[in-house]
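Given below, in the form of C-alpha cells, are the structures.
Same chain, two partners: subunit A is paired with subunit B first, then with subunit C.
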Partner chain A sequence: MAAVGKGTVDGMVKKILNSGVKGWLYLLPALIFLGVFMVYPLIDVLIYSLEEGYNSASQTYQGMGGYNYSYVLHDPYFLQAVKNTFLLVIITVPLSTGIALLIALGLHSIRPLRELLQTVYFLPYVTNTLAVGMVFMILFKKTEYSDGFINLLITWFGGNSVDFIDGPYWAKMVVLCLYTIWVVMPFKILILTSALASVNPDYYRAARVDGTSGFRIFVRITLPMISPMIFYLVITGFIGAFKAYSDVVALFGTDLNAAGMNTIVGYVYDMLYGDSGGYPSFASAAAVILFAIVFTITCINLLVSDRKLRY
Partner chain B sequence: MERKTDYEKIEKTAKTRAAAVRIITYAFLAVWALIVLFPFYWMILTSLKSYGAYNSEFIPKLYTLSPTLENYADAFTAVSLGRYLLNTLLFTVATTAVMLIVITLAAFAFARLEFKGKNAAFVLFLSMMMIPNELVIITNYITITNLNMRNTFAGLILPSVTSVFYLYLLKENFEQIPDNLYYAAKVDGTSDFKYLMRVMIPISKPTLVTVTILKVIECWNSYVWPRLITDDPRYYLVSNGIQEIRENGFGRENIPAMMAAVVVISAPLIVLFLIFRNKVMEGVSRGGTKG
Partner chain C sequence: MEVTLKNLTKKFPGRDKKDRSEVIAVSDLNYTIPDGKLIGLLGPSGCGKSTVLNLISGLLKPTEGRIFFGDDDVTELPPENRGIGLVFQNYALYPHLTVRQNIMFPLENLKGKDKLTKGEMREKADETAKLVQIDGLMDRKPRELSGGQQQRVAIARALVKRPGVLLLDEPLSNLDARLRLRTREEIRRIQSETKITTIFVTHDQEEAMSISDRIIVMKDGVVQQTGEPQDVYDSPDNLFVAKFLGTPPINIFTGHIRDNTLYIGGDAVLRVGEMPDREVIVGIRPEGFVLNERGALTCMLNGVEVMGRDISVVSVNDASQDPTVRSIIGAENEMSDAAMHKPRGSTVCFDLIPRKVFLFDHRTQERIVCKLQQITAK
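Presenting the complex of A and B:
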C-alpha cells in the first residue's frame, strides 16, 4: 500500500515536472534577476520621473506630473551636459570610424607584422578606463612644475602651451575626444578587419583582370561589401558615445559640473548621488530623456542604413 | 625596340609606386601603434622614476637612468591597493560564476525544453537587451540602499549579474547541438540536468569561455555601480580605488606612485589578454560593445 502511494506521488511529481514547470524552474534564477534588477526598475524609473517634489528622506511626494522633466530641461548643467555629449558624439564617431577604416585597410594589405600590430591595436580594449585615463591626464596636464609631455611637443613645433585639463573649454574637449577615440578604436579596428577579410577574393581578382584601379575597387567593391559593418559600428559608436562617463571622470575628476565637462550620464549620477545628489526624480527624468535621445538616433540610423544598404 | 623600353618604364614606375604605397602604409600603421603604446610606456616609465626626480623635471624626460621600485612599495603600503585588487578579484569571480550558472540554466530552458509561455518569456528577455543600464541603475541604487546592502559584496554583485546578451549568445550555441544527441540520451534514461552537464556544457565550452572573458573584462573595469554603492574604502574596487588615490591618495600629489598603482591595476587584464589573445578577440568581435 505504502509502496503504491509512493509510486503515485513520484508519478505525480514527474508529471508536473514534465508538464512544463521544469522549464520555468530552469528559467527561475534568470527571471528573478531580470525581474528585480531590470523589469521592475524600468517601470519604477518612469514612475519616479513623474513624481513631483519627491523627498528621499521620508519617501513621499506631492503629486504626479511633468515638472521633473521641465526642471531638468531648464537646468543649465543639463544643457551643458547635452552640449558636451553631442559635441563628443559628432566629433568622435565619424573620426574614429574613418581612422579605423584606414587602419583596417592598411592591416589588410600587409602580411608581415600583421598579427603583432593587431595585438598592439587591441590593447586599449583590455585596459581599465579610469586607470589609463589618468595617464592621459598627466600627459596633457600643465602644472607649475612642468608643462607636461604634450605641451612639450606643441612648443617644439612652435605652438603655445595650453592646460588641457583645467584650461579653456576647447582644449578640454580636444583631450576628451582624443581619449575617447583612443578607447573605442580597438573594437572598430577588429570589426572592420574581420569584415575586410570576409570579402570574397574572387571579386578583387575579377576587378584586377579588368584593370580596375585600386581606388575604384575600394569604392565599388570593398565599401559596399563592408557597409553593413560600418553602419553597425556607427550605431554602436553613437550609443557608446552618448553614454560617455567614466572616461570623462578619469580625465577631469568626479566634480564634472565644476569643470564644465559633464555628460548626460554624469548628470544622472550627480543628481542621484554625491555632493549634489539626493534627487532620484530628476535623475530619472534625465535618464528617460537620455534613453529617448539614444532610441531616436538609433532609429534614424537604422532607417538611413536601410535605404542605403540596397547594393 | 622603343616599345619594349616603354613597358619596362611602366613596370618600373608601377613597382616604385607599389613600394611607396607599402612604405606609407607601414608608416601610418606604425604611427598608430606608437599612439596606442605611448601611454603604456609613459605609465611604466613614470612609475619607475623617483618622486624627487619626477618633480624636478620641468621638461619631462623620455627615459630614466635610475629606475626605482619604491613607488610600487608605496602603492601597496601607503594606500590599500592590495585590498582594492582583492576586492575586485572577489567581485569579478563571484559575479562571473553566478552569471554563468544563471545563464546556462536559462539558455538550456530556452534551447532544449518545451513549456508553455516559452516564447513570451524569450521575447521579454530579448526586449531587455535594448534597455541601457543608465535607466535601471537609479531604482537599483534605491533598492540596494533600502535593503541595507550598501557597502556589501552582495550589493555589489547581485545587480551586476544580469547579462541578457550573453544568455542570448549561449542559447544560440545550445541550439546548434543536434537533437539526435538529446533523443539518444533520453532513450538511455539520462535526465535533462545530466544531459546539460555531460553533453551540452562540454560541447559549448568555447562559447562559455568567450562569455566568461567578456564578463571578466566588464567586471574588472566596472566603475559606476561600485561608485554608487560603496563609500567605504574597504569595499572599493580598483576603478574607485584609483579615483580615491587620485583625489586623496598619498597625502601629496605623488604622480609616480599613482602611476605604479595604474600599472598594477592594468597588468592583470593585459596578461590575461596576451595569454588568451585569440579567444578574447574572437569573443569581442562576437559580443563586444565597448565602442
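Presenting the complex of A and C:
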C-alpha cells in the first residue's frame, strides 16, 4: 500500500513539474527581486503621488486625488527644472552623438596611435563625475584669484569675461551642456568605433570597384550599416540626459533651485531631502511625470527606428 | 577584353613579430588571358590566387610588373576606372537595399556624360536581372533570398555596367553541393552569352576543370602550370599539379627504373623507353587501373566501395606513399563482380594504363617525360 501511495505522489509531483511549473520555479528568484525592488516601488510611488496632504511624521494623509500633480505642475521651480532638462536633452543628445560619430570615423580611418587615442578618448568614462566637475570648475569658475581658464582665453581674444558658474543663465547652460557632452561622449565613441569595425570591409571594396565617392559610401553604406547602434545611442542618450542630476550638482552645488539650474531628478531629490524637503507626495508626482515623459519619448524613438531599421 | 599580366609580383610586408621578412604572395606571373574566355585560377588556400584577382581588379597595387587590358596599361588605374565587375566570395550585397537598388548602385555612381536617368537605370537593371534570371525578385531584400539567388544578384550587380572583365572570387564556395553544380553551369551560360572575359578563383579543382576554358594552377605564389583543363589533367608538369587535380586524387608510389623497366615495390609494371636506372615517384590516376588476375601490380584488398556507375577498389601496397591505393573500375564487368566478392586481405592485381601513369623526379618532383608501354606477355 505504502509503495503505491508513494508512487502516485511521485507521479503528481512529476506532472506538476512538467506542466510548466518548473520554468516558473527557475524564474522565481529573479521575479522576486524584480517584484520587490522594481514593481513594488513603482506602484508605491504611484500611490504616494495620489495621496493628498501626506504627513510624514504621523504617516497619515487626507485623501486621494490629483492635487500633488497640480501643485508640481504649477511650481515655478519644477517648470524651470523641466525647461532645463529639455534644453539639456535637445542640445546634448544630437551634438554628443554627432561629434562621437565624427571622432569614431577619425579613429577608424587612422592607423598609427589608434590605441593610444582610443584610450585618451575613453578616459572621461572611467573618471569620477565629481572629479570631472572639479576640472570644469577650474576651467570656468570665477574666484578671487582667477577668472578661470576659459575667461582668460576670452579676455585674451578681447572679449569680456563671463561668470559661467554664478552668472547669466545661458552661460551656465553652456557649461552644463559642454560638461554633459564631454562626459557621455567616451561611451558613444566606444560603441561607434566597434560598430564601424564590424562593418564587413567587402562592402567598401565592392563600393570602391563601383567608383563610389567617399561621401556616398558614408551616406549609403556606412550610416545604414551602423544605424542600429546610432539609434541605440540616441535612445539611451535621451534616457540618460533626462535623468541628469549628479553632473549638475558637480558644477553648481546642491542648491540648484537658487542657481536656477535644477533638473527634474534634482527637483525630486530636493522635494524629498533638500532644504524644501519632506514632501514625498510632491516628489512622487514629479517622478511619475518624469517617467511618463521618458516613456513617451522612448516609445516614439522606438517607433521611428523600427520603421527605419528594417533590413 | 584580353588581359595581359607581365612579370606580376606582389610582396606584403611581414607581420610576424620575429620574422619581418616580406611575404611573396605572387611571384613573377606572366600570362595572357585571351578575350572572351573563362579562366579558372586554381590553387590551395594561401597560394596567391585571390591576390592575383585583387591585382587585376586594382584593389591591390603590384610591387612589380604591369597589367594590360587590351593594349592599355591599367597598372596605375584605380579600380573604378578599369571597367571591371567583381563578385565577392560572400557576395557583399548591401543588406539595407533591395535587389533592384543593389543592382542599380553601380549605375548611380556614374558621373558627367555617362550619367543615366532613373528610367535608363531601371531598364539596365531589369535587363541584367533577366540575364541572371532574378527578374522576379527585384523588390526583395538580400536576406530574403537563398544563397544561390544572392549569388545571382551579386553577378548582376557586377555585370550591370557591362564591364570588360568579370572577376569572381570563390563564387561557389558558399553554396551547397547541388546548388554549386547548377550555379557553375549558370556562370558558364552567362559568360558565353555576354562574352565577357571572366576570371574566377577557386580552390576546388573539379569546379575549375568543369567550366574553365583555361586553368592556371598556382602554388606559393608561383604558377605551376597553365592550359586547357583536360591537357593539364592528362599531362601534369609536376607532382603538385598531378596531386592537386583529380578526385579521387592520384595514387603516389615510390618506384625505380631498372633495365628500362618500371618497378613498383618488387613488381615490374611498365616498360620504359631508353632511360638510365634511377629512383622515381610514380603517380597513377585512379582510372589508370585495370583489374586482371595476372596483372602486373599486386596489392592487398582493403575493401570495395560501390558508387553506382563505378566501383572503387581500395587496396594496400607497401610502395604506396598514401595509406591506401584507390582505383576506379567500371562496375559492369566480370572482373569487378569478382573483386566485390573477394574477402578483405586477399590479393588483387591490376594492369596499368600507360597514359594514366606519370613519373616524377624524386627530388625536384618535376615530371620525367618518357614513353611508357605495357609489358607484353612473353
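General observations
By our rule, the second predicted complex is superposed on the first by the 272 of 311 C-alpha atoms of A that agree within 3 Å, B and C clash if a C-alpha of one lies under 4 Å from a C-alpha of the other, contacts with A are read in each partner's own complex, and residues count from 1 in each chain.
Just so it is clear, contacts are C-beta pairs under 8 Å (C-beta built on N, C-alpha and C of every residue); 3 or more make two chains touch, one makes a residue touch a chain.
Fair warning: this is a prediction, and the values are worked out from it, not measured in the lab.
Room for both subunit B and subunit C is found when the two structures are superposed via subunit A, with no clash between them. Looking at the shared chain after the overlay, A:Asp275 reaches neither subunit B nor subunit C. When the two complexes are overlaid on their common chain A, residue A:Arg205 makes contact with subunit C while staying clear of subunit B. In the overlay built on the shared chain, the residue A:Pro224 is in contact with subunit C alone; subunit B does not reach it. More residues of subunit A are touched by B (comparison of subunit B with subunit C).
Contacts of A:Tyr48 after superposition: subunit B is touched, whereas subunit C is not reached. Of the two partner chains, subunit C is the only one that A:Arg216 touches; subunit B does not reach it. When the two complexes are overlaid on their common chain A, residue A:Tyr145 makes contact with subunit B while staying clear of subunit C. For the pair subunit B and subunit C, the minimum alpha-carbon spacing after aligning on chain A is 9 Å.
Shared contact residues of subunit A with subunit B and subunit C: none.
Listed in rising order, the residues of subunit A touching subunit C in the complex are 200, 202-203, 205-213, 216, 220-221, 224-225, 311. Listing the residues of subunit C that touch subunit A in their complex gives 57-59, 78-81, 84-86, 88-90, 92, 94-96, 105-106, 109-110, 141, 143, 157, 161. Against subunit B, in their complex, subunit A makes its touches with residues 19-24, 26-27, 29-31, 33-34, 36-42, 44-45, 48, 96, 99, 102-103, 106-107, 109-110, 113, 117-132, 134-136, 138-139, 145-149, 152, 182-188, 190-191, 194, 233, 236-237, 239-240, 243, 245-246, 249, 253-254, 265, 268-269, 272-273, 280, 283-284, 287-288, 290-291, 294.
Contact residues on subunit B toward subunit A in their complex (touch as defined above): 22, 25-26, 28-29, 32-33, 35-37, 39-40, 42-43, 46, 55, 57-60, 101-103, 105-106, 108-110, 113-118, 121, 124-125, 128, 131-132, 134-143, 158-159, 161-162, 164, 167, 192, 217, 220-221, 223-224, 227-228, 238-239, 242-243, 246-247, 255, 258-259, 261-262, 265-266, 269-270, 272-274, 277, 280-281, 284-285, 288-291.
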